[in-house]
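The structures considered in this document are given below.
Consider the two complexes below, in which subunit A is the common component and subunit B and subunit C are the respective partners.
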Partner chain A sequence: MITYAHFPVLAVMGLFFGAFLVEIFGSRSKAVRNFIAIVTAAGAFGLIAALIKPVMLDGEVISYWMGNWEPVSGYAIGIGYEIDQLGLFFALLIVTTFLLSGFYSLRYMERDHHLGHYYTLYLMLSGSVLGLSLTGDVFNMFIMIEIMTFAAVALTAFRNESRGALEAAFKYLVVGSIGSSFTLAGIALLYAQCHTLNMAQLASILAAGLTPTTLFAFALMFTGLAVKSYIVPFHAPAADAYTTAPTSISMVFSGMVNKAGVYGMIRLVYVIFRAIDLPAMQMLLACFGTVTMFVGVTMALAQHDFKRLLAFHSISQIGYVITSAALGTGLGLTGALFHAMNHTLFKGLLFLCAGAVLYAAGTTDLDRLGGLSKRMPKTTVCFLIGAFSISGLPPFNGFVSKWIVYQSIYAKAVETHNFAYAFITIVAVIVSVMTLASFIKVTQAVFFGQLPASCAQVREVPLSMRIPMWIMSVLCVLTGVFYDFVNEHLLHPAVKAAFNATGYIDAMMGEGYAAAAGVANVEVAPVEFSYWNPILWLVLFVVMLVAVFFVILTGRNTRGRVLEETGAPADGKYATYFSGEKSMPSHVGGSDLFWGFKHDWKSYFTVMQGAHSGVVNDYALWAVFGGAVVMLFMFTFLR
Partner chain B sequence: MIYTNYIASVLLIVLGLYTILYKKHIIKIVLGMGIVDYGINLLIVSIGFNDGGTAPIFTMSELISGAYFVDPVPQALTLTSIVIGACVDAMALSLVIKLYKQYKTTNADEIRRLRG
Partner chain C sequence: MMTFLTLLFKILVFPGFLFVTVIGLLLAGIDRKVLARMQKRVGPPIVQPVYDFFKLMGKETIIPSAANKAAFLTAPVVGLVSLVVLMLFIPVFSYSAFSGSADMIVVLYLLTIPGVALIVGGSASGSPYAGIGISREMVAMMAYELPLVMVLLSVAKKAGGDSLCFSLQDIVAWQAANGCGAFHWSLIPAALAMLLVIPAEVGTQPFDVAEAETEICEGPLIEYSGAPLAVFKLNTALKMFVMTALFTALFFGGIDTGIVALNALILVAICVVLTILCMTTVHAVTARLKVEHLFKFYWTTVAGLAAASLVLVWIGL
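== the complex of A and B ==
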């Protein structure tokens, strides 16, 4: 037995064991509690990072049977863990997120009480999401989803005296339990048909074709995982939870909890059911993704709270990931995984900055903040890096991944002659523009503009909170500049693994099992950055910037003269008044920078804000409605 | 026959979803979540049932190739699912108590400070 095969299980169990230890020993001493939490999180990080060499670089797939219950005569009995490149890719995102979040919460959470419970829940959340990404058993996946939901709900309600925390937790629990119930019902129906719970064996059995029962199971599981990845009809409680949870946990939600849902959907559609080749399936996912990115970004434009705005952007960015993964091409999945990774980095960074603002100024209300760049210059720099990344400005990472996403959707439109994909490309670009607009608003409202008197005493946050922010910022720039390296060593193996169901099945069930079941491989060509090389576009961007400056410079001499010719006086001292008083300049609030746009789209915003009514029955209705749409669609088009 | 089990489980799931969607009292919503869980538990345990099968408890010497017994895996799944369902209910009810203390109401229409 090779030793590193035990690492994934040790990482997951270590986190759960750490949760127990914190609960037993951590309630009295702060030092013991912090030590246990950080050591277990760092230990899990080390164990997962040690797998990069054998799995990512050497291309090995690790299979691990709990208690050594190996398959008997082709039937998987025991619970198996299977770590292929796709799972490890998401596991790496997860361990990075929770390690940085844990380090950040040491200082960020110090003013709260009962921190022993906080770290217990934090370690349980980390362990469950990590387990979800590494497991090879659908029922184990369900257990991990449930633990994840519990821990996430409890952490959302952790600051239960603050505004709305309890109701956000309750709504999250109700909608989340609908999703879990759907997943469990789907798993039960799958077991009824296939008599196994192992993902690899399920994949080989389902390759023979879908019966109505397995199709129904697929629809149920798809809905359940869609609830966990917060795509649009299921997103409303997530926005509340992101807003009211402690910010270190909001970062964990956006960095790994919704990534777990995305991972589950990719695993389900690409490997277990292998339905991604069907055009109807691609269309369903692409529609969900497009609606998600559009609704997310427009709702973000209407927000007045820093964290709630980031929450809607988080939902919007997941739309990009889903749309790109929907295409079923190597390029599309590369874009999806790259954007998922970048979203973890830049959205985590932005949430950390929001947390820093909350820590220093005591509020995240955009109307009560302003001018913080003078008080918190280092946080401002980090925030700008994150904002540039999410808006897709070169040379930051968001540009590269969004560029691949546009390319892949457009290539799909050319390939299939389907007008819908061309339309989706346009929507994706427009959403990106709106993201930029929204971040101009936030930057203006929080970091620039006038410093209100209530923020005059604000000081920069302590160093131990800035270190995770700097690490995230550096990663944002590095993955944007060395995208080729990232693609070669992380993305391409993961993409290959997603299409390579044969390798996944054979590693678990024994050599030749997949071939006997009639599962074929899909070859994926490595992505070449030749003609969509982002550096070329960076050069074009610079050239255009120079051209704009040139135009401004040539226009400078005439600018003043035009004013004089029209006779507009420089100051109002000698102006003529007919009646009334001199008009006062009215101050447009920081959060209303795009009031004109909002005014033009008033009917849309009225409908959407009415739909986010805050009533838990409505949100549950949305979730059930989304599930019904998925089922109807699948039974109409996938049979 | 076993079909009655399937019909009953679907009825329970639909009833639970109806309760979640249409009842405004938040304790009733929690009860609805519980009913959905019970429906799914009934579904799982029915899947493992074999008519006329014995309990799946054997020693190695008793286990012969023609043994006919009910599938033990769904029973294990049901037990796990019941435990999880109990935890969901406990957690939801504790949230309900806290909500009642803070909002002085159990009506879902009045618990909507976060919206828009």
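== the complex of A and C ==
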């Protein structure tokens, strides 16, 4: 009998197996290929979703030894999979992302060739990221990172006829390999010191204290995973890759590939090395996070390509996640996980909207689009929901998570009397306003304003592309409104698991193992937050009703007089105002917006332009430099 | 049922829709009258904004052919709703309609919604004048958000001491016990910064870069007419009241007579004084700034004032 303990492994194996099947049988017919891809993705989704009940709700931790190779005389030799609530939380984000992306790809990718390879790589990428979040073995984690990196590189270059695709893939390859090498070096050192690769056992051995070698290994692995989550200064290749990859893959990149890096960092810092209690470690992470969110958003403001702008926002939002996770408090980690989840939802949605625009209009250049809301009204609604969510307007989900993030950072500032955290709070709020600004820019440049002649024939995207967009939009609203439910059933178990190292170790190595090694738990009280309670929602609903009533009342005055464009009379009453001149098409959008802001920040943008030179040598240098800073910092302050 | 009726009363009458509308329009009228007297004009009667509102309500609504109709018409209503909700979160001295554990950030974010509504509405109209207007509105928003955040954080730190205090009620309660915020000298720079944030948030001269009638013909509002325009004008009036009421809660929150009606009267009196002080007078003596100058002004001078307060509060003064 197959119990749910086998589900995680089956899900990962199924995806890899599906990849091979697509490669073998996919070339025969389109239907077979699509069928295999969607069935394996949906199967993985089902298997992981089935674990919500035992793991999330009943609080069980699943441990699974590959080939039933259990620890021999106290040493874990075999590969172990361990699914605790933290891992499952990220696994759920991952399966949701790739299932929707796969569904979206069916129509979105129809004009491309060699789609057999596309689905093979897509399933490899999905399987590797899912495996990364479920594995309990650091070397297995490294293997998954490698598969992930190379599948991602190949997918970045998939549309290699388009400008910059190969270049972006090359940058991704170089910087990604640097990250992988850092991780591998760290794992090798750890293995040499601790004679085990099992995360649970490593955690209990390292609880005795860090030697210089293990500290060095920590720095290396930390850097490696930081590269994978694209925090500044490792972010540059991500912007290129997200822009040139097919949009269904950009969504996967921002929804789960960089989440994999974040998951790795949280696992590393919270569970394996348990270094999050150290103020210096918190400061290091918080600084990385703050710089990431600020650089990401300012660079996004300067972009004039829809997808590239979204790419920089992905970087910026990961900054929020890292900063909040850096605090080492229950509230902070709740905010981090909530924001990670919301980022998966709204950024996935926004990438899908960008894909819809690319599919329909053939370009994502903000200077060449405009007025698409008349042609693609449904996409516009989805986009606005995504944009308001990422800008953190109530009542969308981004507001709740940002609200927890600010609150946790400022609480940290007040508790530790550290002005740096107060400063970080201010930066976080300002970054949020700038996020809003750059999405206003996209709204104006793409969806509102005037329709250029080149876009006159644009049509709404097909239904199978809109369904994933609607699912994401609805989830954005639901998680914002029922945040209590999300917190109770998804976030709190995951947060508790991150602080519960003994549970993690005992589930893998046997009861009492952690206590023998001297690992103690950190108790996390359930985080309760309410910015308004259900009764206020009822009230808000009434206010909305009143407002609608108000509109109906005023609307009565104009009934019959509001004419549509077809009925526009010759006197130009319904034409746009042009101070008496003849009305002509003119659109303010794209790079023209916010010149006042850019003017004031000229020197900053000049420096940033220099830093984002586009030369892969520079980026590699930045990555190595970042690694050196981490090592220096750790050897100075963590000893 | 009773609680529901009470809530309905709170939303529709006090301190909700009716109260905010009446006082907001009154403030707008006083602003115009006093401005006229300062410029040696007779000026309109104080109820003129009310007349204007009803006149516009009866006018034809023209939707330009380039516009996105749904966004064009819903934007003003969304702004209005958020302003009414905002007022429910701001305590009238000891009285407050909603109680939340951390309503300061809710207020901060709700404050951005009227601006966003103006931007989305203007953007949806398809006019190039509106395009320029929304760009300026957004830059202005980025400009005043920095000092506003710092002001809120300094007051929160002063009131909370060593514990986190993001609740406006707690801030008001702290002021009732320890004297009004404006009488603590370390908060005076923050109060000054807040006084400068108010006109930018409301969009009065010299910070009316977004609407700038004389150069870009009211920017985002250029294509609006009839009822939606009336609602946008009402929003501006409401913003005057909401912002001054927020200032009162942050810096004069300690006044409490125990009678809600009297408290409301005191609030209105303070709001009138603040309106004349930071909007009318400034309007009368200055000319409009350029958008890049506005940004620089807020990120240097005003943010500097707020930062001074923040640092003073943090070192325990």
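As a convention for this text, the second predicted complex is superposed on the first by the 577 of 639 C-alpha atoms of A that agree within 3 Å, B and C clash if a C-alpha of one lies under 4 Å from a C-alpha of the other, contacts with A are read in each partner's own complex, and residues count from 1 in each chain.
Heads up, the rule we're going with is that contacts are C-beta pairs under 8 Å (C-beta built on N, C-alpha and C of every residue); 3 or more make two chains touch, one makes a residue touch a chain.
From a predicted model like this one, the values you see are computed outputs, not experimental measurements.
Student: Of the partners subunit B and subunit C, which touch A:632 in the superposed model: first, second, both, neither?
Tutor: In the superposition, A:632 touches no partner, neither subunit B nor subunit C.
Student: Return the chain, subunit B or subunit C, that is in touch with more residues of subunit A.
Tutor: Between subunit B and subunit C, the winner on subunit A residue contacts is C.
Student: Taking the superposition as given, does A:39 touch the first partner, subunit B, the second, subunit C, both, or neither?
Tutor: After superposition on chain A, A:39 lies in contact with neither partner.
Student: Considering only the touch criterion stated at the top, classify A:474 as touching first (subunit B), second (subunit C), both, or neither.
Tutor: In the superposition, A:474 touches no partner, neither subunit B nor subunit C.
Student: Applying the touch criterion given at the start, work out whether A:516 contacts subunit B, subunit C, both or neither, answering first, second, both or neither.
Tutor: A:516 contacts neither subunit B nor subunit C.
Student: Regarding the shared-chain residue A:450, is it in contact with subunit B (first), subunit C (second), both, or neither?
Tutor: Second partner only.
Student: Under the stated touch criterion, which partner chain does A:153 make contact with: subunit B (first), subunit C (second), both, or neither?
Tutor: The answer is first: A:153 touches subunit B but not subunit C.
Student: Under the stated touch criterion, which partner chain does A:394 make contact with: subunit B (first), subunit C (second), both, or neither?
Tutor: second
Student: Which partner does A:143 reach: the first (subunit B), the second (subunit C), both, or neither?
Tutor: So A:143 only meets subunit B here.
Student: So which positions on subunit A get touched by both subunit B and subunit C?
Tutor: Common to the two interfaces on subunit A: nothing.
Student: So in the complex, which bits of subunit B are touching subunit A?
Tutor: Listed in rising order, the residues are 13, 17, 20-24, 26, 29, 33, 36-37, 40, 43-44, 47, 71, 73-74, 77, 80-81, 84, 87-88, 91-92, 95-96, 98-99, 102-103, 108-109, 111-116.
Student: Which positions of subunit A touch subunit B when the two form their complex?
Tutor: Checking each residue of subunit A against subunit B gives 139, 143, 146, 150, 153-154, 157, 160, 163-164, 166-170, 173-174, 177-178, 181, 184-185, 188, 191-192, 195, 197, 240, 243-244, 302, 609, 612-617, 620-621, 624.
Student: Contact residues on subunit A for subunit C in the complex?
Tutor: Within the complex, subunit A contacts subunit C at residues 371, 373-374, 377, 380, 384, 388, 391-394, 399, 403, 406-407, 410-411, 414-415, 417, 419, 422, 425-426, 429-430, 433-434, 436-437, 440-441, 443-444, 447-451, 529-532, 535-536, 538-540, 542-544, 546-548, 550-551, 554-555, 557-558, 561-563, 565, 568, 573-577, 579, 586-589, 592-597, 599-600.
Student: Which residues of subunit C touch subunit A once you look at their complex with the stated criterion?
Tutor: 3-4, 7-8, 10-12, 16-17, 57-66, 68, 70-71, 73-74, 77, 80-81, 84-85, 98, 100-103, 105-106, 108-110, 112-113, 116, 119-120, 123-129, 131-132, 134-136, 138-139, 141-142, 145-146, 149-150, 153, 156-157, 160, 162-164, 166, 217, 222-223, 226-227, 230-231, 290-292, 294-296, 299, 310-311, 314
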